[in-house]
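Naming follows writing order (A, B and C), and every chain is counted from residue 1.
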Amino acid sequence: MALLEFQNVSKSYDNVTKALSDITFSIEKGEFVSIIGPSGAGKSTLLRCINRLVDASEGTIVFDGHDVRKAGKAEMRQMRAKIGMIFQHYNLVERLSVIENVLHGCLGKKSAISGMAGHYTEEEKKEAFRIIQEMGLSDQVYKRCDELSGGQKQRVGIARAIMQKPKMILCDEPIASLDPKASKVIMDQLKEINQTKGITCLVNLHQVDVAIKYSERIIGVSGGKIVYDGPAEHLTKEIIQQIYQSSANDLIMDLQR
Amino acid sequence: MSEKVLQPGTTISLDLEKIMERTGKGKIKIKAKNKSRYALQALMVTLLGLTVVAFATFDYQNIDFAEAVQATLQNIQTVFLEPELTRDTLTSVLYQLLVTFCLGILSTIIGAFFAFFCSLLCARNIASSRMVNGIKSFIAVVRAVPTVLWVLIFAVSAGLGSVAAVVGLTFHSFAYLTKAYAESIEEIEPGIIEALKANGASYWQIVFQAIVPSTITSMVAWTFMRFEINFTNAVAMGAAAGAGGIGFNLFMAGSFYFDLQEMGMLTYIVVIAVVLLEMVSTRIKAYVK
Amino acid sequence: MIFCGASLVTQFHLAEGIQSFPAALHWIFSNLIPDETAMERLPKILDKLVETALLSVAVTVLAGICAFFFSLLGSGITKIHWSINRLVRIVAAFFRNVPDVVWAMLLMFSFGQNILTGFFALFFTTFGLLTRAFIETIDEVSSNCVEALEATGGRFIHVVFQGILPSSLPSVITWVLYMIETNIRSSTLIGILTATGIGYLFDLYYKRLDFSSASLVVLSIVVLVLVIEGVSNKIRKVIL
């Protein structure tokens, strides 16, 4: 059975214009899938429907055998704990230390009181240190996150997601605020997580070339609809034009790998 | 799957100890090592400590707290749920509101006038730093004196009334606006002033050709915000320093006739006026931005 | 034109205002240096000054704590039902806009000439003001990290204490420090009205025409406010 299934999912914010309309696709365990499309196409909304940061209006979303939209509060939290998320603006608590931010990854499993007070077990702390080391942030452990560079912040974001021991990681424009060098580091790390830990990755991307380079499968979204869903190598200039609704010459990209 | 983490676990954990720091009890530390965090903690402990000390040392004069609270609730009910004008007519009250309004306007205009010239002298980018520091400390002192005391000080020579009220209120507006204006002037791009200087413009030409046009919007916003504050202050001055206006009516109703219903109605009128002003001011702020 | 109209309504004369300046300045300078009677009263003044300072700290801290939790209900990003958001904002606007003098007079009836009169009068306005300020702060500062913490499956209370609180604390503290300073000035006004604290002391000397002592009161308030302002500026630089 697929890890994630969308069936005829729609979302509208104001009951008039649809941010998503009739979205259907499924993702198998261990896949690395990119979603591409112009800004405002509904990529972010699609991702957020999965962990219910945004509630879909119609259709069914099944994650790991559970109907996401019908889940109660406690069930929803459990589900969220199994889904890591990485954001364009990192979304760290900037005034807390790197290690504290990584430990936030296990809040989903904490009781109300111990999570509130920020009490973590020694095991959890060690695990967090291990992940931080893997991410190459050993020297930054006790620094406050607002002292880090963008690339480092995003690595903390990834570490937080891994801390959740997730089945899937959602990445919302993970490299949109980073320079090319840091972008490469982040994408390589995501790919590595996907391959060594077998965590499914669903990545929103702006850059078509990056999507083609890193992912096996690409979903093209335009105007809230899926206009392409298939292997990366089958993505042609014409399809890209269709996704971005402009001539390929206007697009800054490089299809040669 | 997770083998990569676990298998070389022994070697990794040795390295881990190097980057981990432990507390006296052997627990792993997770808080940031940062000066500001310690300062914040110390400050919070101090403030909470002072609060406890305050409650411990207050002279409560053996007041029956429960009874007082009950009476208060009853009074609040009378004031806010049964408001009625029993002494004054609505027209006379509205006229007094206008008086308060005008007290606010006068003090804002006069304050803004002086503040404009003073801010030219204490904006770091156009004045000497000695001048700036001097004027800034003078302004800090002016600001530190409560408005009501300024009003009463001027009442010594001018007598209680609108003159003392306006002058007293003006002092605070002046200090507040000088600071605000100076900050807006400091935000001007240095290029604008330099360009005019290079053209050989005189001081006043720079002021009126460069500084005024580029700061006028934020100055208007600040001035209006100050007007809002001055209006509320004018109500308070009417009550506490006999400066006239609706505040004085409030004072008479509350402390002289003990007429809670009248007080309620006057309060509502003031609140409505303030809310209206706030709405206008939000509009202006949005427009300016 | 507005100026003239306003002058007419309030019977304010610019000339008179300007004329009052020399006399007031004369008053200030002739009474600036406290005489012997004033110095005798210094302990009493200092006593009341400390009381006022403690009062405004206590009021602000307590109102700040209440306002923080209240503002969570009023902030858009905690995603509590919009009707509660609206209600919180209206309640805050009410407390903020009812003048503190009204609270003071109202409380006079039941609490009498007690320090608690001033305490509650200041508490209500401070609470209203800080609630609005905190709502803005929270909305501005923490929407990003709230989203992330919710995505990890954290509970509401986790999000508040691990996300919103640490991110908004510096500006919350800045507001509290500012309000402490403001409340010292406001408590003078309320003191005059309710015959308590340092305001009463000033009023007393002022009405007895003991201007030298009265100006010593003013001086002591000025020093206190300046000290608090200086300290908060230092603190602000460190914590931000």
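We adopt the following convention: contacts are C-beta pairs under 8 Å (C-beta built on N, C-alpha and C of every residue); 3 or more make two chains touch, one makes a residue touch a chain.
Keep in mind it's a predicted model, so treat the numbers as computed, not measured.
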Pairwise touch network: line, ring, star, complete, or other: complete
Far-end chain from chain C, centres as C-alpha averages: A
CA centroid of chain A to CA centroid of chain B, Å: 44
Computed distance of Cα centres, chain C from chain B, in Å: 8
Numbers and ranges of chain C residues touching at least 2 other chains: 169-170
Sites on chain A at which at least two other chains make contact: 95-96, 100, 118
Residues of chain B defined as touching chain C within the complex: 35-36, 39-40, 43-44, 47-48, 50-51, 53-55, 57-61, 63, 65, 68-72, 75-76, 79, 98-99, 101-103, 105-106, 109-110, 140-141, 143-149, 152-154, 156-158, 161-164, 166-167, 232, 235-236, 239-241, 244-245, 247, 250-251, 254-255, 258, 260, 263, 267, 270-271, 274-275, 278
For the chain C and chain A complex, residues of the former touching the latter: 144-145, 147-155, 157-158, 160-163, 166-167, 169-170
Residue ranges of chain A touching chain C (in the complex, touch as defined): 51, 53, 77-85, 87, 89-96, 100, 104-110, 112, 115-118, 157, 160, 164
Of all residues in chain A, those that touch chain B in their complex: 95-97, 99-100, 103, 118, 120, 122, 125-126, 129-130, 132-134, 138-139, 141-144, 196-198
Contact set on chain B toward chain A in their complex: 1-2, 4-5, 12-13, 15-16, 19-21, 27-34, 37
